[in-house]
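Each structure below appears as structure tokens.
In what comes next, subunit A is part of two complexes: it sits with subunit B in the first one and with subunit C in the second one.
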Partner chain A sequence: MAMNWLRQLAAKAPVPVYPLLAGNLRTDIQTMGLDPRIEWVASPRHARVLLVAGELSPATDRAFGKVHDQLPGPAASIWWQGQPLDSLADGATILDKADDLGRVAHQLQVDLLSGKHRGEPALCPDEPPEPWQGLGDIGHGGEGMMGGKPYGRSMAMPTDDLRDGLQLDPMAFSLGPFCSFLPPGLEANVTLHGDVVASFEVCSTPYPSLLPGVFEKALEGPVSITELELARARHYLHQLGHALWINQSGTVAHAVFAKARSLKPGESLNKLKKQLIYTGFYRSAGADKGVLGDSQALMTGGVAARACGRGSDARVDDDGYRSLGFKPLVMDRGDAAARWWLWLEEAQRSLQLAHDAGPGHVKTSNTRSVELLRGASRDGQLPEDGTAMLEDLLPGLEWSEAMAVLASLDLSAVQRAGAGAEGTL
Partner chain B sequence: MELTELLTLLIIGLLTFAVGLWLSGRPITKPQYRAAPPWPQRAPFLGGGSPENHAWNRFHARYYPMTLLLIAFEMEMMFMYPWAVVYVAEGMKALVEMGMFLAILSVGIIYGWREGAFKWQ
Partner chain C sequence: MTASLTNALLVMAILAIGVYLVAIINRAWANALGHSGAGNPFTAPFYSAASLWVAPANTTEAPDAMAWHLAPVLYLTLAAMGLALVPWSQNLVPVDLTTGIVLWGALEPLATVVIFLHGWSANAHLSMLGAYRYVSLGLSYLLVSMFVLIGVALPAESLQFSAVVESQAGLWNVIRQPLGLPLFLLVGLGISFWGPLNFADSNDLAGGTSSESSGRARLVWQAGRAVMLVAFSAIGATAFLGGWLGPVLPGFVWMILKTMVVLAMALLLGQLIPRFSPDRFLTIAWVLLLPLAFVDLVWAGLEALP
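On to the complex of A and B.
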């Protein structure tokens, strides 16, 4: 089918892709987004292509269908690190290598716009999910002040508002597991009073983070501190980049991801530090919120605990690190901005340690106590999921503040991928 | 002269109509309607989640602090214009009176500040 010139021009634009994470693959997705031929979008409504990363479980089929059908047609999916659903398997586009995403997505866009690919079929029926439930002959009458339940959903009944006790309607909804602004896999029941979070109930914990290969090896035996610290610096920069993206600083986030891809031992991050200060990142909404209590800090461990002056760093127990003069970095503010600040400081210090250790000269010596990316592993115990604390931490915050606090915490459980398995770094 | 102008107007009108027709590319007897999006696309995006109650929801914009500021500044300006005329005649006395007036209004502004009226959201 011939393409008119408008479609030809449209096909040359970066492909808007919505990443649907069916596994804790956010770091990989952030790196894949550096390809100029694609553009991550925050909602499937703005996407032409859906990237399904990871293996979908039958429990999430309904949620997947909802997200899939919200892409305006014609649209198609790309499957990466997982098998396509049976209903979409016919002619499915499967991505073998992450580096190929730009090329494959671009070709898919050309095919969709030229009509060669007619788009994927819908998975949900095209009918009201909650049909009108009136009592009368023509659908009138029923419960509530409206005289019926509009589309089967009841009207909200007034409750006391959190701020000043006005009797207002709460808005209740469930979120996830495929929200790009929540940790991948997290499902929650949320109630809002206006823009204030009244309750946040975790229904399903996020997918566990897989330990990167080098950390896995560090639990088994001595590994190069240079290699370990480079992986750590990369992880913290990715965390910081996500927080920037949540704060609508997409360009800076992109620069951070690009920096994380090509880190060198001893490299300075001063330019980035200044950039974050000048852009007002540390003063954005929610930066001064999310102060952790004692038990929350200890549960979270790692940077979050050190950002509120609690917790320790397992690297002090390692002779290799002690020989490099290692001392833990600690702050006492404990809010979201402190965690962001400490991520960058830790990344900088990791690069310095990687430089000081030399290429493979200094190795770790303690396998019983290893400082992982989120907290320490002592005697083989890995950090457990800590998302339950969000139920106490987020209520009372405005939505933007709550999302900033969420983006300052790494709460998913840590899991071993097995020696040699592909990690997230 | 008037007939020429009317003719010109008519020609411009016809040309505009013809160009509009050509751009739309469709006969006027068959107007095209954009089909409503399918039902799944009409639902809010919640990453796979669903709303529990209807979107017709009463929440408060909380404009009281902003209203307070508007009144404070508006009153200020409303009295300042006539005061500027009186000041020429009354001198220092008018200046002191206006100072007192502004001091009282400032209390309202400071209260609004404390209540977060200047906070950008």
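On to the complex of A and C.
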């Protein structure tokens, strides 16, 4: 079908894609976003194409339907690393290789613009999800001018504000599990006073992180420290990039993801370090918040614990690392900025270790105690989910501070994909 | 009648060119900072605009439809009114009001109302939160803006922007009142919620007040933000960089060059500096920026004494 000139121009724009993560695949998504033919968007309302990454579970069908139907139609989905829902299986677009996303999404955009693809059917019924339940003269549903449940949502009633005790209307809502700024899978009931988090109740924990292949192998036998440390540096840079994106430095985040894709042993990250210092990243929203207590630091492990002054690092138990003169990096501030700072320092040190170890010359020697991307594996025990601590950590923080603190923590459980399996990095 | 039509056409032309300029400079900075997906700065804006123009519209559950559709148009209109006050040369001033600074001062609080309306009318929590956040900070921008603009009105002994330019024939206000331009630039970033002061449409709110918008409504909203930034840059160039004054080149060329310098600086800050915490910025605004604006005003007053 022919397109008019305006649609032909539109077809040349990067495809706005909303990434719906049904698995802990954020790192892969960030790398896929480097393709100039696509553009990740933070809201499904801004997208033409939905990328469903991972295997959906029946428990999330309703949540999936709500996100799917928010894309202004006609829109289409691409399925990657998972099977399409039965209701959308007819003519579904399956992505085999991550590198093909740009081409496939672009073709879908052209088909949608030309009318060749008529869009996918809605999954939710065309009726208000929260029907009007108004009572009284003006249908407000409560007494006087307050209270009640119009549209099934409780109207705000004033309660004491957290900061100054003034009466303020709280706002309660739920978020997740497919929210762009939360860890994939995390679902929470949130109550805000103004823009301050009054309560943060975790309803479902984030999807577990699957160990990258090289870390799987490190639990089974000796592996090249170069390979292991390059994977670690990549991971920390991706974490840092996400924190930058949350704090509105999307361009710098993009550059960090690009850097993470092509890391070389011994490479210097000094330019990035200086840029983050001089542009005030370590003083941005939430930087001085989210200080972990002792038990929280212990639970989280890894960089978060070392940012609180705990020197625990399983690499000191490994002869291979000891031969390279390894010593843990430790800070004592314990806040979000300390974790961001340490991610970058750890990434730099990993690149140096990768260089010093040489290509395959120095290998790990201890399989019982391995420093993973989040905390250590000791005697086969992997780090467990620590999301519950958010219920204590986030209340009292302003919303952007809370989201920045969340972006400074890696709290999902760690899971093995299977011995020797290829990881996601 | 003909003059009014010409002026209206002039403002529309500057508006369209301004949006394009913002898109070009912003993408050029993104490319320079290592964003491989920013595309060709000259052609990519057309593709993105066309993409939004043909994108389907959407609705939310029980929005205040009229307010939701009107808010982007009103914001763009306010920005266009701001542009209309800019003296591009001695003889090229779309609306040369004797009370131009007062009208500009009135546009800023009206923008606050429109931004709130945009977030509130969608009837969605993240959108509402963006609106709420903006309003909680709005007053701190407005006071700073008014004080620094009164500062430039004092030596001109007039509230007319063209008179402010003429008062800088001997010495530009950026030298005479060095605090003025940086403070005004911050206000510009705040009112158009750009970069470090993007509290209304931020990533941590999935797009905030525009998180529920799509298609043409979103295009108009983004254009409004771009035009507001251009208007701030042009008023900044007028009030502090001597407007059309300059040697050799025609006045309007100087004015365009100066506006582009201010605009490029604002966009670079937007790309480089991460977002402040709203709470911390509120403290900075009241404890640091507002007293600095007072100092600027007193400085301007003393300097204007005969």
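In this text, the second predicted complex is superposed on the first by the 407 of 425 C-alpha atoms of A that agree within 3 Å, B and C clash if a C-alpha of one lies under 4 Å from a C-alpha of the other, contacts with A are read in each partner's own complex, and residues count from 1 in each chain.
What we mean here is this: a contact is a pair of C-beta atoms (placed from the backbone, for glycine too) under 8 Å apart; a residue touches a chain by one contact, two chains touch by 3 or more.
Quick caveat: nothing in here was measured; it's all calculated off a predicted structure.
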| item | value |
| --- | --- |
| Room on subunit A for both subunit B and subunit C (clash or fit) | clash |
| First (subunit B), second (subunit C), both or neither touched by A:A404 | second |
| Subunit B versus subunit C as contact partner of A:L9, first or second or both or neither | second |
| Which of subunit B and subunit C A:H193 touches, first, second, both or neither | first |
| First (subunit B), second (subunit C), both or neither touched by A:V67 | first |
| First (subunit B), second (subunit C), both or neither touched by A:H254 | second |
| First, second, both or neither for A:M171, with subunit B first and subunit C second | both |
| Which superposed partner A:P121 touches (first subunit B, second subunit C, both, neither) | neither |
| Which superposed partner A:P36 touches (first subunit B, second subunit C, both, neither) | second |
| Contacts of A:P158 with subunit B and subunit C, given as first, second, both or neither | first |
| Overlap of the subunit B and subunit C footprints on subunit A, listed as residue numbers | 43, 45, 70, 72, 128-129, 151, 171, 173, 179-180, 194-195, 285, 398, 400 |
| Touching residues (chain side subunit B, partner subunit A) in the complex | 37-41, 43-60, 62, 121 |
| For the subunit A and subunit B complex, residues of the former touching the latter | 43-45, 60, 62-67, 69-70, 72, 122, 124-129, 146, 149-151, 153-156, 158, 161, 163, 166, 168-169, 171-180, 182, 187, 189, 193-195, 285, 398, 400 |
| Sites on subunit A touched by subunit C in the complex | 6-7, 9-10, 12-14, 16, 33-36, 38-39, 41-43, 45-46, 48, 70, 72-75, 113, 128-130, 151, 171, 173, 179-181, 192, 194-195, 244-252, 254-255, 258-259, 275, 279-281, 284-287, 398-401, 403-404 |
| Sites on subunit C touched by subunit A in the complex | 29-30, 33-39, 43-44, 46-48, 50-51, 53-58, 61-62, 125, 128-129, 132-133, 136, 195-196, 198-199, 202-207, 211-215, 218, 271-280 |
